[in-house]
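These notes are about the structure you will find just below.
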Amino acid sequence: MAEPNFSHLDGDGRIQMVDISSKEMTRRVAQASCLVVTRIDGRSLEPRSDGFNVIQAARLTGIQTAKRTAELIPLCHPLPLTSIRLDVAEHPRGFLVRSEVATDNRTGVEMEALTACSYAALSLVNSLIANEPEAHVEDVILLRKSGGKSGDWGREVDGAG
Amino acid sequence: MAEPNFSHLDGDGRIQMVDISSKEMTRRVAQASCLVVTRIDGRSLEPRSDGFNVIQAARLTGIQTAKRTAELIPLCHPLPLTSIRLDVAEHPRGFLVRSEVATDNRTGVEMEALTACSYAALSLVNSLIANEPEAHVEDVILLRKSGGKSGDWGREVDGAG
Amino acid sequence: MAEPNFSHLDGDGRIQMVDISSKEMTRRVAQASCLVVTRIDGRSLEPRSDGFNVIQAARLTGIQTAKRTAELIPLCHPLPLTSIRLDVAEHPRGFLVRSEVATDNRTGVEMEALTACSYAALSLVNSLIANEPEAHVEDVILLRKSGGKSGDWGREVDGAG
Amino acid sequence: MAEPNFSHLDGDGRIQMVDISSKEMTRRVAQASCLVVTRIDGRSLEPRSDGFNVIQAARLTGIQTAKRTAELIPLCHPLPLTSIRLDVAEHPRGFLVRSEVATDNRTGVEMEALTACSYAALSLVNSLIANEPEAHVEDVILLRKSGGKSGDWGREVDGAG
Amino acid sequence: MAEPNFSHLDGDGRIQMVDISSKEMTRRVAQASCLVVTRIDGRSLEPRSDGFNVIQAARLTGIQTAKRTAELIPLCHPLPLTSIRLDVAEHPRGFLVRSEVATDNRTGVEMEALTACSYAALSLVNSLIANEPEAHVEDVILLRKSGGKSGDWGREVDGAG
Amino acid sequence: MAEPNFSHLDGDGRIQMVDISSKEMTRRVAQASCLVVTRIDGRSLEPRSDGFNVIQAARLTGIQTAKRTAELIPLCHPLPLTSIRLDVAEHPRGFLVRSEVATDNRTGVEMEALTACSYAALSLVNSLIANEPEAHVEDVILLRKSGGKSGDWGREVDGAG
């Protein structure tokens, strides 16, 4: 196991919002995904179906919440996002939610992409849970990110999310 | 597989916020949990450690976001919560987040409990992800709920979350 | 013309939030409507059409914003709403938006119903305006209200909204 | 009647927030207006009058809400506004509300200008409606916009708003 | 000096939102005040003066922010307020801000009253600080509170605020 | 005493949000401080103590609220902040809160620094007030600011805050 290394603590263990003033303004993109596990048949996703309406609501919720990430997660920087894409697709175990977020700014949008996914998923769960309390969210993961000094990163695909 | 059954759609497939006016004012409690998977050693959780500071931040974030559930999830009812508990515990794979939310009102607080967990977990991920982009959230699940006409419900424990 | 009579000013012309502490807890309902004027054919409203998706988004926006009325309009009282209905219907000049909001509380929900309509309409306009800058909102009106000491009130129907 | 053309739907009818990453950073200005119809005498607008206080409150509300447009209208981009002007003037039928909003960014501020007007108007209605439930908002219209690739646009003046 | 006694920590030093479920629903009132110290002549407060406009804005800001106390201060309970009064009066050193907040609920509104004052004062400072960076806020104090099991409490008046 | 000079009023005494469109994009920094007066022993601040947990919560609250300054104070411009530092230190009379906020933008961050301090202080008071209703905030002051046309400014140190 690794030693703890929390980037949001200064040398005295105090919580801080990292100073990004001197970082470069560049295009930053992040993708994330998660899985809504449900007994509902994924084919209810088809355009023109009722399920599609619930999914449009979930997409809208994810888009809307992504814009408020810095308000909700205390140590995130406020970043005017230039693009948010949210997709909900059929999956053998329910619905697969994927997000892509972009900005031109001094820090990355990983948390924005994860927030978009999580809230789209919670919105779906909200529509399911009265009838199916077992409905839940799995594998809220970062898929890839690009831009910034730390360079690009991509997750090894293992079919899990 | 079950037929779709979305409680937030009316007969014409239109999205609605369910009318709870005639439901009874009773005490409603819900518990939820999720897992933050990380290489960070869970023992950094110990009180008085730096990890404990990050965890206090996560607990605060979960508590704060739970109160805003109805603002963030479009079809949730606004409910003045009377109690929010957030706990983060050591787990072989990282941190186990548990929430308990209560209200005295006309509808349940399942989504509030799930939101509390999800945001506490995202706050933890936010502190980890710069160094460990693989850090992620698993198994955002409802554990149990009580109060209301539909009666009490508890999840079969399978050690997963 | 009538003499000004602003209920939110005290005797010295100072803005106040009216004290409702001694008012009765009763069921309060309000209905409002407005018209989105556009060249878009109202038949695009039909379920399963693309227009229907935009309309679902508008309904969601209206529902979501109604819950935040007291946050946005300074002198409104915070009221946990128990029901919000938003409907968008075909109209010869575009889309007719109607809302119905209810609560069990000490003051009425007129502003919540008007806010729901206005924001659903603005969300529709947002989807239209890039192509049709003339798209606009007309006749944001209260239709009726019930509950409370001042009694029920209903607008004379004149076909305008 | 025109064919529907919703800029916020992709080819599959899915709701999206349009990608503006590649658009140019330029100065964008938009003006909008609406009319608050009331029996209250417009002369109560005069500086130093009580009506003026209510109008100051409305101006403040419009300014404040304009800044939150992207939070309230799901598919709007977050834009740090550089200028917001709100004016409320005497009008034979009540109060005429006008807004002008500016930014230096990648997309226009039409919705911000319309939101500013609408909320200033709703704030006025809020101060009137207890005594005059017929008070309402008419003609929430875009007056003109400038900046961006699509060029400048101005509404034909027809005295309607 | 007293021993620390933080009501928001449980036995293990973990932050919590206190459970108020079993507390009684009663009328709770709190009053607070603070002082805005400025070189501006207090007589600019007179109704019909320009100063009065700035003060109306401050009152509105205090009222509006009081309603959002639970959103801004993490461990406050969400409470639908029934009354908010904000007053700004002439004072030899600048402006004296006083607030009174009431609710019928399970916990007190001390923080709501303090928040109302603080934000009204910050709004005033915002209008002064470009010309007078020394303008500041002093003595944000609770004046009195009533309702609830702990009984009524009132501050000894010492002319300080 | 000085003549009133309110930068947020136009020539007719109407409230406005100042147009900063033509101001230069430069680095702007502001520092502020305030004092939380309490009987609690300042040594409870020591890392690893319970008091430290309450202080971490206060720091988080200040950071989080600073990002929302423009939402809460009506005439502030929305500014994406690049750095927020919050410190709480031992003081003979209680806790001394200090903030430093930075942005690269067209206007200063004085109000953001003052908001950060005020809310961190109110969060501390919230943890104290149930046991010590006399706990309060003093001397919310701007310490220094730099950047922008008006040049740098620093407060004369008088030991007051």
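The first chain written gets the first letter, and so on, giving A, B, C, D, E and F; residue counts start at 1 in each chain.
FYI, a contact is a pair of C-beta atoms (placed from the backbone, for glycine too) under 8 Å apart; a residue touches a chain by one contact, two chains touch by 3 or more.
Only a predicted model underlies this, so the values are computations on that prediction, with no experimental measurement involved.
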Checklist entry - Using direct touches as single steps, what is the fewest number of steps from chain B over to chain D? => result 2
Checklist entry - Any idea whether A-D or A-C has more C-beta pairs in contact? => result A-D
Checklist entry - What rotation angle superposes the Cα atoms of chain B onto chain E, in degrees to the nearest 5? => result 120
Item to check | Identified repeat of the C-E interface (over half of residue pairs identical), from A-C, B-E or D-E | outcome: B-E
Checklist entry - For the homomeric pair chain D and chain F, should the interface be classed as same or different, according to whether the shared residue numbers exceed half of all numbers used? => result different
Next on the checklist: Please tell me the distance, in whole Å, between the geometric centres of chain B and chain C computed from their C-alpha atoms.
Outcome noted: 32
Next on the checklist: Could you work out how far the Cα centre of chain A sits from that of chain E, in whole Å?
Outcome noted: 37
Checklist entry - With chain centres defined as C-alpha means, what is the inter-centre distance between chain A and chain B in Å? => result 16
Next on the checklist: For chain E, give me the residues that contact two or more of the other chains.
Outcome noted: 13-15, 53, 56-57, 60, 68, 74-75, 80
Checklist entry - Taking chains as nodes and touches as edges, what kind of graph is this: line, ring, star, complete or other? => result other
Next on the checklist: Can you work out from the touch definition every pair of chains that touches here?
Outcome noted: A-B, A-C, A-D, A-F, B-C, B-E, B-F, C-D, C-E, D-E, D-F, E-F
Next on the checklist: Under the definition above, what is the set of chain C residues touching chain B in their complex?
Outcome noted: 27, 47, 56, 59-60, 63-64, 67-68, 80-87, 102, 104
Next on the checklist: Give the list of chain E residues in touch with chain B in this complex.
Outcome noted: 12-21, 70-71, 74-75, 77-80, 105-106
Checklist entry - Where on chain E is chain D touching in the complex? => result 48, 52-53, 56-57, 60
Checklist outcome for this item: Within their complex, chain A touches chain B through residues 1-9, 13-15, 34, 39-41, 44, 49-51, 53-54, 57, 60-61, 65, 68, 72-76, 110-111, 114-115, 118-119, 121-123, 125-134, 136-142, 145, 150, 153, 155
